[in-house]
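There are structures below to look over.
In the two complexes below, chain A is the common chain; its partner is chain B in one and chain C in the other.
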Partner chain A sequence: MNTNLKISNVTKIYPGCVANDNVSLEFNSGKIYALLGENGAGKSTLVKILSGVIIPDEGKIYLNENNLNLNSPSDAKKNDIGMVFQHFNLFETLSVFENLIIDSDEQRESLREKIDLIMKKYNFPIDLDIPVLNLSAGQKQKVEIIRCLIRNPKVLIMDEPTSVLTEQETSELFLSLKKFSEEGILIIYITHKLKEVMQLCDEVAVMRRGKLVSVSEIKNENIESLANKMVGQNLKTIKKKKAKTSSDQLIKITNLNFTSEDPFETNLMDINFSVNRGECLGIAGISGNGQSELFQVLSGEIISEKKSIEFNNNYIGDLNPQERREYLMAFSPEDRLEQAAIPQMKIFENVALNNFKSSNFFNNGLINENKIKEHSKKIISDFNVNTDNIELKSQFLSGGNLQKLIIGRELITSPDLLICFNPTWGLDVGAINYIHETLIKINEQNKSIILISTDTDELLKLSDKISVIHKGKLSKIMNAEEVTSEKLGILMGGAN
Partner chain B sequence: MIIDINFVGLIIASIMASAVPLILASCGELITERSGVLNLGVEGMMIIGAISGFALMTVTGSLIVAVFGAMLAGVLISTIFAFLTQTLITNHVATGLALTIFGIGISAMIGKNFVGIPGKEFPVLFESLKDTIPLISPILFGHSIVFYFAFALPFMTNYFLKKTKIGLIVRAVGDSPESASNQGINVRLVRYACILYGGAMSGLAGSYLSMIYTPQWIENMTGGRGWIALALVVFSTWNPIKILIGAMIFGGLTIIQFHMQAIGVRIPVQFLTALPYIVTIIVLVVISRDSRKIRLSTPSSLGKSFHKDN
Partner chain C sequence: MIKIVKRDQPSKAIFFFTPVLAIFLTLVAGGLIFFILGFKPFEALKFFFIIPIADTYGFSELLLKATPLCLIAIGLSFCFKSNNWNIGAEGQLTFGAIVSGGVALLFYEQEGFYILPIVILAGAIGGMLYASIPAILKTYFNTNEILVSLMLVYVSKLILDYLVVGPWSNPEGFNFPETRQFSDSAKLPLLFEGLRIHAGIFLALAAVVISWFVFYKTYLGFQMKVSGFSLKTAKYAGYKGKKMIILVFLISGACAGLAGVGEITGPIGQLHREISPDYGFTAIIVAFLGRLHPVGIIFASLVVAITYLGAETAQIFMQIPKYTGQVFQGMILFFLLASDYLLFFKIKFIGSKQ
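After this line comes the complex of A and B, so read on.
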């Protein structure tokens, strides 16, 4: 049976921002639709409206000509709309089966049979009786999909589903989605990744700043045309010039190990690598394979054996982050609002948190506010942070501006080594471009970078050498020119 | 020295009796915490239950009215907590502490007229069987209905959490209220229910103290048992069966140290009095140190306010 979903004149206004501005769209089953847009373009709001999480201020939703009243997620479920969120809606400490039975009215046995059938049909082998926290991200996503499929949905919405998947898992997911589509499920695929849209979808709707910009068929589009629609301007492509090969070693990691007591953390096993001056070492991997532990060990949040880290001919493994900064290391952690900055504090106060002895931010224990403010203004203008109010609480900066501020704070002391972890995660294309340019500039000044990232394209663009981390172990270090994203994907999945 | 075997039975029975209020309050608080709500008002809810039970018994003369009235009083005072933390999204810790202070104060005020009034005898079950089997009979028979209920409660709680759909929903809400809400579960409703249930159990625990254990009203008569109940929940890693073990150790040491004081063992009294607190916590820490299991049974959202925004 054909399914027709119609969004008619939907508007949702938040204080200070129009998330959806009079959006109308129509979808028919048999096709896979892409909803494309940058962060903050309003696509998440729109799908949350479709799944009943958010109630629109105006507008109507029709499924097969019936007006739907979606006031809660259970209304969406009742109307056969299934949704897989970007951040999984799973209960980590409950077993897979408990996660699935919780919103089902079926008996245990019959539900189990049904799940087994679905898992066989789509080749989703998952142990139903282990807690969800033991699953990989790809498996968790499959649990989410199974949860939708149990209800025989007419519509399946996938919100940025590949952000946590490997290349292989992504192609598996695409195969499944195509299969669902052939079986008559209407698929709406939300993403900001252009390559995926071209690979998977039949039609694409582009959103920008809450407005629907265009609806077109994929065969009439290419990556550049979509990128320009998404950003609203022509983007320049940046490319890294090949670095001059230098043999001047800056940092050397020898037999570094970390064993955690927390079952949620990954142990690091026998990490060895070195980075020369002017080089960028990229570390690829699926999130949760030890990246955050590696970052913490490198930054000194976790202290290791003194001799395991040699920086500029000093052994610094037992030093804390502040002491390491004195040796001209700089750090940009993954979580901008939790680790890199304190959201409730003002911009200039956050700048002062890097209290180098040389910066004279403090006199005899008293804060030298003028000095800090002067310094903050310099960061804001040098690094293109889009605000002129350094008294603003940093939580009100957009992700891109906050990241520029953090990178600026780290770089203004001209460190020899910058260690960054997913520096462009969740940023829009413009901000990503800026950060990438900045990182390339660092290398050109003969300074080094360790770039831990889950974004393979980013790594291939910026790195001179690449290694892959899998279950706390590093692969051998490869020259970036010899690496393809397919090869990285295989290594990220744990194969040799 | 000949030890009368029935005397040993009586001691064990008295240990169990002293564990009853702890088991009741802890099992109630366990459900509350499993839904992600940290209610530090257990002591306050218990003392409210104690005075309500005793006052209703004195005024109405009906034990049934008194017991259910005490539970209702627990529910009412926990409704204040639920309204503040779930509807007005106040901080759990501060609100819970306020609840305890409020409970102690108001119970002392109501209790003024009930000081010195003798309590009533609470009927016991199976009294005729009390002398049939040595050692066993005094342990098993001749106790109040609340006593039997308390010892069944940890097992029922365990069954409820592990085997029933509603138990699963409670755990899910405690694990991730955001996910639960996105699944269409009414997080606020679940948490309200769990808080009110915790209040009822604390009220019952309090009424056991003032009506059965020491049938009289004394100001501040819960004497910190609410805090011990809270500690039991945490140190048992939210496991009702371990709560039972912890409550028995605490009750046992409390009784034994009384006897030791009575026979004049030359250990400082302060140390003996502190002993149950220290040993209970040490034992529970030791039996619950598997960090994986702790992670799996700790409600991840414990004490965090959940506010659904639209």
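After this line comes the complex of A and C, so read on.
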């Protein structure tokens, strides 16, 4: 039976922003729809309205011509709308089966049979009796999907489903979604990843700043056209100029190992590499393969053997981050809000986190606020941070501006080496371009970069040399010109 | 039509205005409660808030009650500003009192200028030791400091109970649950003849000045703040984050312990079961009402201290249970939290659009 879902003139206003501005959309089963937009474009609000989590200020939802009153998530379930959220709603300590039956009123036994059938049909091999915490992210997502399928949904909404998946898991997911679609389930796929849209979907609706910008068929679109619709500006293509090759070695890592006590961390095994002045070494890999540990070892958050890291002819393996900064290293961690900056503190206080002796931020144990503020103003103007109020708490900066502040804070000391980890993760295209230009500029000034990133395009664009990390081991280091994204993909999967 | 609009950033003026608003709303609600109980609201509020401090004795009593509140709240402000939720100041106060009381009892027959400093120091150390338990459990075993510190309050009260009933009870005390009186050398000197206000107030004032300086002016204070917000950030900046957490707990424990010393070596002069009318808990309200700022805490401790006195006056003159004091403390916190909404949102009045 054909399913028709209609969103009619939906508006949702939050204090200070219009999340959905008079959005109307129509979906029919048999197709996979993409809902595309940057962070904050209003996609999540719209699907939360569809799943009853948020009640719209105005507008109506129709399923097969019936006006739905979605006042709670259970209303959505009753009306055969299933939703898989980006962040899983599972009880980690309960078993898979217990998680599945929690919100069901069917008999345990008949439900078990039903679940077995679903798993067989879609090839989801999951042990129902182990606790959820032992599952990988991809398996957890499958549990969420099964939870929806139990109810024979007419509509299945997936919110940014691949952000936690490996490439292997992503392609499995796509196969399943195509199968669901063939069986008549209407699929709505929310994402900001353009490649996935091109790969998976039949139609695409683009949102920007709460408004619906366009609805079109995928075959009439390409990545550039969608990107332009998404950001509303023409993308600049930056190309790195071929760097002058230098043979002046800046940092050398020798036989570096790290064994973690935490089973959720990855051990690093026999890491060896070196970076010359003016060079950018890119480290690719699927997240969770030791990138975070490698960053911490390089920054000094994890201390290693003294001789395992040689920087500018000094052994610094046993120094903490503050001590390493004195040797002109700088660090930009992955997590902007929980590590690189403190959102509840003011901009200038966040600047003081990069404290090096010559900064004179602190004299004899006392805070030198004037010095810090002076320095902060310079960062804000030099790095285009869009505010003039250094007393502003940094939580009021957008992701892009916060990242500029962090990169600015790290670079204003003119370090010899910047180590950054996913520097453009979650940023909009304008900010990404700015950060990329900045990183290229650093190399041009004969300073070096170690760029750990899960974004292959970014790595190919910025790196002079590339290595791939897989299960805590580095591949051999390759010249960037010789590398293609296909080749990286193979290495990321663990092949030699 | 009324519309709630999110502020772009919290207003600084509102930040200092909401505590005043909260006090005002507490008075209004309090008046209403008195009215419902059949009293004349203004008269009752006068009994509650003005009569108790209308004379010198009353005023000195106010300072007497405000002293421990201020001291504890200053200590707590270190914890709260660095996101460590130490709810157990009452326990740290009690344990500080136990340790310092124990030391004072050792010297019960002796006189000497050296006794008082030792007793005071013992109290601070006792409070610190007790506060170190939730701190260490939090930093090394990931326990929740709210639960641990809160539950330890009852442990310390039971220890005190056991001591004053058992091994430390006064041999000549007819089995009353109390210890001997401390010697005069172990007592804080009174400031004025005939008033109970004692030298403990200087401890509180010193704490105010020192805490302001440390938190706002020193690198150490900055590191405490950063570590409190995020241990990951502290590590990234190269600070010893775990040590900072333990340090703020020790500071707050020391302050609570000192408050305990002030009570037992000041107005009480011995250990017994009820050495604190929940100062350790009430100080949490004081800390927030004072916006975790040292000067704010001074004012807040005075305001909240009145509720203790007012409750006593009201009990005597109006035959209302003295627990009314706690009702007022609760209302202050309630209205403060409620009016803090205005920090982030503003109310807009819009002409109706037809």
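Here is the rule we go by: the second predicted complex is superposed on the first by the 476 of 496 C-alpha atoms of A that agree within 3 Å, B and C clash if a C-alpha of one lies under 4 Å from a C-alpha of the other, contacts with A are read in each partner's own complex, and residues count from 1 in each chain.
Basically, contacts are C-beta pairs under 8 Å (C-beta built on N, C-alpha and C of every residue); 3 or more make two chains touch, one makes a residue touch a chain.
Values in this document were obtained by computation on a predicted structure and should not be read as measured data.
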{"item": "Which of chain B and chain C A:323 touches, first, second, both or neither", "value": "second"}
{"item": "First (chain B), second (chain C), both or neither touched by A:77", "value": "first"}
{"item": "First, second, both or neither for A:125, with chain B first and chain C second", "value": "neither"}
{"item": "Touched partner set for A:393, first chain B, second chain C, both or neither", "value": "second"}
{"item": "Which of chain B and chain C A:89 touches, first, second, both or neither", "value": "first"}
{"item": "Chain B versus chain C as contact partner of A:54, first or second or both or neither", "value": "first"}
{"item": "Partner chain in contact with A:366 - chain B first, chain C second, else both or neither", "value": "second"}
{"item": "Common interface positions of chain A, toward chain B and toward chain C", "value": "none"}
{"item": "Residues on chain A engaged by chain C in the complex (per definition of touch)", "value": "14-16, 299-301, 320-323, 325, 331, 333, 335, 338-342, 344-345, 349, 352-355, 362, 365-367, 392-393, 396"}
{"item": "Contact set on chain B toward chain A in their complex", "value": "165, 168-169, 171-172, 175-176, 178-185, 291-292, 295-298, 300, 310"}
{"item": "Contact footprint of chain B on chain A as seen in their complex", "value": "51-55, 72-74, 77, 85, 88-94, 98, 101-103, 131, 133, 261-264"}
{"item": "Chain A-touching residues of chain C, taken from the complex the two chains share", "value": "4-6, 8-9, 216-222, 225-226, 229-230, 232-233, 235-239, 345"}
